[in-house]
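Structure, as C-alpha cells:
Chain naming follows the written order as A, B, C, D, E and F, and within any one chain the residues start at number 1.
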Amino acid sequence: MKRVDLILSERELDAVIQAIEAAQAPGYSVMKHVTGKGPHGAVSEAMDFSGLGANAHVIVFCEAEILPKLREGIQPLLDYYGGVAYVSEAEPL
Amino acid sequence: MKRVDLILSERELDAVIQAIEAAQAPGYSVMKHVTGKGPHGAVSEAMDFSGLGANAHVIVFCEAEILPKLREGIQPLLDYYGGVAYVSEAEPL
Amino acid sequence: MKRVDLILSERELDAVIQAIEAAQAPGYSVMKHVTGKGPHGAVSEAMDFSGLGANAHVIVFCEAEILPKLREGIQPLLDYYGGVAYVSEAEPL
Amino acid sequence: MDTSLVLQNLLTPPVLFFFLGVLAVLVRSDLEIPTPLPKLFSLYLLLAIGFKGGLELQHSGVGGQVLPTIGAAVAMSLIVPIYSFLVLRLKLDGFNAAAIAATYGSISAVTFITAETFLESQKLPYDGFMVAALALMESPAIVVGLLLVQLAVPKPGQQRPGPQGMRWGTVLHEAMLNSSVFLLVGSLVIGFLVAANSPHSVEKMLPFTDKLFYGALSFFLLDMGIVAAQRIGDLRRAGAFLIGFSVLMPLFNALVGALIARVLHLAPGNALLFVVLCASASYIAVPAAMRMTVPQANPSLYISTALGLTFPFNIIVGIPLYMQLVNRLLPPIA
Amino acid sequence: MDTSLVLQNLLTPPVLFFFLGVLAVLVRSDLEIPTPLPKLFSLYLLLAIGFKGGLELQHSGVGGQVLPTIGAAVAMSLIVPIYSFLVLRLKLDGFNAAAIAATYGSISAVTFITAETFLESQKLPYDGFMVAALALMESPAIVVGLLLVQLAVPKPGQQRPGPQGMRWGTVLHEAMLNSSVFLLVGSLVIGFLVAANSPHSVEKMLPFTDKLFYGALSFFLLDMGIVAAQRIGDLRRAGAFLIGFSVLMPLFNALVGALIARVLHLAPGNALLFVVLCASASYIAVPAAMRMTVPQANPSLYISTALGLTFPFNIIVGIPLYMQLVNRLLPPIA
Amino acid sequence: MDTSLVLQNLLTPPVLFFFLGVLAVLVRSDLEIPTPLPKLFSLYLLLAIGFKGGLELQHSGVGGQVLPTIGAAVAMSLIVPIYSFLVLRLKLDGFNAAAIAATYGSISAVTFITAETFLESQKLPYDGFMVAALALMESPAIVVGLLLVQLAVPKPGQQRPGPQGMRWGTVLHEAMLNSSVFLLVGSLVIGFLVAANSPHSVEKMLPFTDKLFYGALSFFLLDMGIVAAQRIGDLRRAGAFLIGFSVLMPLFNALVGALIARVLHLAPGNALLFVVLCASASYIAVPAAMRMTVPQANPSLYISTALGLTFPFNIIVGIPLYMQLVNRLLPPIA
C-alpha cells in the first residue's frame, strides 16, 4: 500500500478531493488549519477571518495502481496554485 | 522504529488510547477535527455542535515489538466502528 | 527525498521553525492543537485558555543533505524541552 | 389552515436566518460557521433555556399539572420509538429502524426554543416546568432504541468489543449524562436554586441568558440552515418512504400529543410546547448515542431525516400548524 | 486640518484597541486571538450591519437619493480599479497590478462601520441605504480585476486548470456569492422584511445586533491591529512606491468621492460614508477571490497594502480628515 | 465562621456553574467547552475587567491610598514566593519548589473577579486601582521564580539552549509582556483614557464590558470547573504535603494580606480584594512562563495545586472567609 501526503491551500481543497474521488481512492482524510512555508511564501491563519483560509493536509492510503490517475488529477492544480505531494510506503497494521 | 497512523471517529478515541497504553507504546499524538471519507461514508465537522464529532488522527512512534499488542487492541475497534490503521518505517532524526 | 516529523510543545515552535529555516529546508507545514503523551507526561488542550498551549506537529519534506543541519538545530531543543523527531522515506507523487 | 399564522412565523429573524443558511448551500456560497462556533451557540442556548426554565419553575412551583405533564412526556418518549420502529421495519433493517425510531422518540431543543419565541410573539404564557419535560424526554428514547436493536437483531457475531456487562452501563451513561442533557438539567437546577436564594444575581444573569437569547438563536439557526441543507442530498438517496415518514410521523405524533394535552387540561402555551416535544426529533443527543451504540446503522439516514426534513418542517410550518391544532382541540379557557 | 477631530477619533475604544493590537506585535507580546474567533466577530459584524441597514432602509424607504447614490457607488467600484491599474503598471507586473487595483475598487466593511460609529459620536444622521451601497461595491471590482488580468496578460501557458468556460462562471460566482457579500445582503433583506412585518421581533434582536455592536467592534479591531501590524514587515519589502500608493490613492479616491457626493447633494452623514467607501480597500472578499483567480499575484502585496497601511490610515486619520473634506466641499444645509 | 456568608456565595451562578463543571467530570459526562472558546471568555474577562478598572481609576483619581497599596501588592508578590520556596524545599527539588513558589506569588484574575461580584452582592464599594494592583502582581513572581531556580540549582549541564544572555531577556519579556498582563494593562489604560475624553463611547461599551460580564464569568467558570476537576487525579499523586500547602499557604497569605490592609487603612472592599490577591495563585501567566523557563519542573504539580485546589478553595470558601477576616481585623469605619 501507498500513503500519499498532500499539502495545499484550503481554497483548492474541493478540486483536490474531486481529483481523489475521480482516481477512485478507497478513502481520504483531511486536516485543515495547517500553516507553513513553501516556494510561494508563508501561509498563516491570521487572515482566516477574511475567507482566505490556511492550508490543508490530505492523507490518502491507496494501492500503487491508483497513483498515476491521482497524479494526473492533482499535478496541474499543484503546478498552478502551489502545494506539495509525496508518496511513501505503508502496510496495514 | 515504526510509525503507526490511525484514523478513526473521535467517539472511539478513548478506547483506542487505552489500547495504545495497554500495548505500552512510549507515547502517542492525537489530532482531532479530521474530516474524510471511507467505506462507511463521509465524515464532516458540520455535526460537531451535536456532540457527534469528526475523526481523529493518531500517530504512534514505537518499536516493531509493540505492533502485535497494538493490533490486538485496536483491530476489533476498527472492525466494529470503522477507521484505518497503517504502519511505515521511521528512523530517529 | 526525506520526510521529517517533529512533535513538540507549541511554546517551542518558533525556535524549531528558526532551526528549520536555518537548515534551509525548502518548506515546512505546521499543525497545532496536537495533544498526546510522551516521557514527560500527558499534554491536553484543557489549559489552552491560559496561554500554555498544546503540541504542534511539524512536517518537513527535504533532501537527505539537509538532515544533519536540521538535527543540529533541533536536537538541543528536544533534549531540553521534550518532543520527538523521526525521519522516513518519501517520493514526489 | 390559517396561513397568516404561518406567515407571521416565517417573517421572524430566526426562521429567516434559517432560510438564509439553506440558501447559502443552494447557491453554493462559501458561507460557513466554522467549528467550534456552532458549539458555542448550542451550549449557550442549552444553558440559557435551562436557566430560564429553572427561574420560572421556582416562581410557578411544582404545582398540580407538573408531574402528570412530565409523566406523559416521558411516556411519549418511550412509546413513540416503539410504534415508529414498527412502521420503519416495513422498509428498513433492524439497525436503521431502531436508530431512526429513537431519534423520533427524543426531542429537538432548538425546535422547542423556536416554539417558545413563537409563543412570546403570540403573547401566550407557558410554564418553566416544560423545560423539565424537555430535559427528561431526551434520554428514554436512547434506551428504547438500543432495546429494539437487541430484540430485533440478536446476531452474536456483531457484538460490540469489550465485556458485555459494560455495554448497558455505557448506554445508560450516554443516555442520562450526555452533554446536552447534563447541561440542560444542570442549568435548570442552578436557575431554580438561584431564583430562590439570590434574586440580585438573577438580575445580573439576565442580560446574558435573556437579552441575547433571540439574536443568538437567530445566529445559530443560520448554521442549522446550512447543515440541514447539506443533508438534502442524503434525503434524496433515502427515498420516498423516509421522506414521507419524516413529515407524516411528526404530524401523527403532534396529533397524539394534542390529545394528551387536552386530557391533561394544559393551557394553550404549555400545550403547544408539549405537542412540539412529541413532534420533534433529535439530531443532537440521539445521533451521538446511536453512532456509539449502533454503529451498524447509517448515520446519514437518521441525521438527514431528523435534521434535513423534520426540523425545517417543524420550525417553518409545524409550529403555527400545531398552534391551530391546539386551538381547535383544546376547550377554550373562560 | 482640525486636529481635535482626529484626536476625538483617536481616543475612542475601537481605535485604541486597534492600537493595542499593533502594540502587541511591536513589543512581541504573545497576545493573539486564535481562529476562528476573529471569524465569529467578522460574521457578527456583517450580520449586524446588514440587519441594521435593512431596518433603516425600511424606515427611510427607497426615496429619491437612493438609486443615484447606489449607482454612483457601483460606478466608482468599476472605475477606481481601472485608473489604479494604470498607476500600478508603472512599477508592477500585470498580475500584481490587477490584484491590487481590484482591492482598491472594493471596500472595507470595518472601515465603513468605524465611520458609522464616528458619525454617531458626532451626532450626524446617515441612511440605511448606504449599507446597500456597501454591499454592491464589493463584487464589481473583483470582476474588473480579472478582466484587467486577461487584457494585460494574455499568456496562454498560465491558464487555470479546467475548462475555460468554467472560469468566468467561477469568477462571477465568487464575486457575487462570496460569504461576506452573501451574509451582508441576506441580513439586509431580513432586516428589511422584519422591520415591516414583525416589529416585536426587531425589539428582541436589538440587544444582540445593536447593543453589543460597539464592544464587539472594539474586540475585533484588537485582532485587526495584530494582523495589520504583522503585515508591516511585508510593506517594507513592498517598497516606497506601494507605500505611497496605499496612502495617496485613498486620498485621491476620497476627493473624487466627495465631489460626487456634492453633485448628488448628499447630507453630510451619507457623504462621509460614501467617501469612506471610495477611499477604503478590501482585505476580505477581494484577496480571497484573487488568491483563487490570480494566484500568480503575490498575496503579501495586496493584503499588506490594503490591510497594513490603507486600513489603519483610514480608521485613524482618514475618517476625521474626510469629515472635514465633506464639511468644506458640501454646501451647508439650511 | 459565619456559614451564611459562605452559603450566600455558594448559591450564586458563577460558583454553581463551577460546581456543574466539576460534576461533569466526576460523573464522566462528555460535556466540554472546546478550544478556543475558553480563550474567548478569558480574553473577554481580562479586557472587561481592565476597561472597567480604567474607568473607575479615572473617576477615583490616583489619590492617597493608590501608591502605597500598589507598592504593598508588588512587595507581596516578591516576598510570598521566597517564603513559599523555603517551605516547599522541605519536600521538593529546587525546580518544582521554585515553579510552585512563583505560582503562589502571582495572582488569579478569575478569583479576583469573583471577589468583585461577591462585593457587589454585599453592596460594598471597591476602587479601580485594585485592578492596577492585580496587573502589577502578575510579573514579579515570575522573575523571582527564575532567580530561585538559579540560586538553588546552579547545575551547568541543564542549561537552556541558546546564548545565556538571551535567557534573562526572555524571562523579563515573558514576565512583563505575556498576553494576560498585556491585555489587562492595555485595557486599563484604554478605559482610563476613554473615561476622560469620550464619555459618549463609554456608554456604548458598557453593554459589552459590563452587562454581559456576569453571564460570561459564569460560563467561563463552567469550563474552569471541568479543568480543575481533571486535575484532581494529579493532586492525589502529588501527596498530602502539597495538598496541605495549597490550602494552608493561601490562608497564611490571606492573614498577612489582611494585616497589611489594616496598616494601610483600606476600606473593606479594597481590603478584601487585596487579601484575595495575596491568597490566590496563578494558573495562567505563571505556568506558561514556567513551562518555558523551568521545563525541568513538572507542570502537573504547579498547575494542579493552583488550579485544582487553591482556586476552588478560594472561590467557594475562601472569599467569604476572607471577608470575615477583614471585618474582624479592620477597624470599623465611622
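Convention: a contact is a pair of C-beta atoms (placed from the backbone, for glycine too) under 8 Å apart; a residue touches a chain by one contact, two chains touch by 3 or more.
The structure displayed is predicted, hence computed values, not measured ones.
A.B. asks: Give me the chains shared as neighbours by subunit C and subunit E.
C.D. replies: Under the touch definition, subunit C and subunit E have A, F as mutual neighbours.
A.B. asks: Sort the other chains by how far their Cα centres are from that of subunit B and give me the top one.
C.D. replies: E
A.B. asks: Return the distance between the CA-based centres of subunit A and subunit D, expressed in whole Å.
C.D. replies: 39
A.B. asks: If you average the CA atoms of subunit B and of subunit C, how far apart do the two points sit, in angstrom?
C.D. replies: 20
A.B. asks: Between subunit B and subunit D, what is the separation of their C-alpha centroids in Å?
C.D. replies: Between these chains, centre-to-centre, one finds 33 Å.
A.B. asks: Please output the residue numbers of subunit C that touch at least 2 other chains, ranges allowed.
C.D. replies: Where subunit C meets two or more other chains at a single residue, that happens at 31, 33, 51, 88-89.
A.B. asks: Can you tell me which residues of subunit D touch two or more of the remaining chains?
C.D. replies: 30, 35-36, 39-40, 178-179, 207, 211-212
A.B. asks: Let me make sure I understand the interfaces: which chain pairs count as touching?
C.D. replies: Inter-chain contacts occur between A-B, A-C, A-E, B-C, B-D, C-F, D-E, D-F, E-F.
A.B. asks: Any idea which subunit C residues touch subunit B in the complex?
C.D. replies: 4-7, 31, 33-39, 55, 57, 67, 70-71, 74-75, 84-89
A.B. asks: Which positions of subunit F touch subunit D when the two form their complex?
C.D. replies: Per the stated touch rule, the residues are 7-8, 11-13, 16-17, 20, 23-24, 27-37, 40, 117, 120-121, 207, 211-212, 214-216, 218-219, 222.
A.B. asks: Considering the complex alone, what residue numbers of subunit E touch subunit D?
C.D. replies: Within the complex, subunit E touches subunit D at residues 35-36, 39-40, 43-44, 47, 51, 173, 177-179, 182-183, 186-187, 190, 193-194, 197-198, 200-201, 204-205, 207-209, 211-212.
A.B. asks: Quick check on the complex: what are the subunit A residues that touch subunit B?
C.D. replies: That would be residues 1, 3, 21, 26-33, 59, 61, 88-93 of subunit A.
A.B. asks: Under the touch definition given earlier, write down the residues of subunit F that touch subunit C in their complex.
C.D. replies: 35-36, 38-39, 41-42, 158, 160-162, 178-180, 223, 226-227, 230, 283-285, 287-288, 291-292, 295, 298-300, 303
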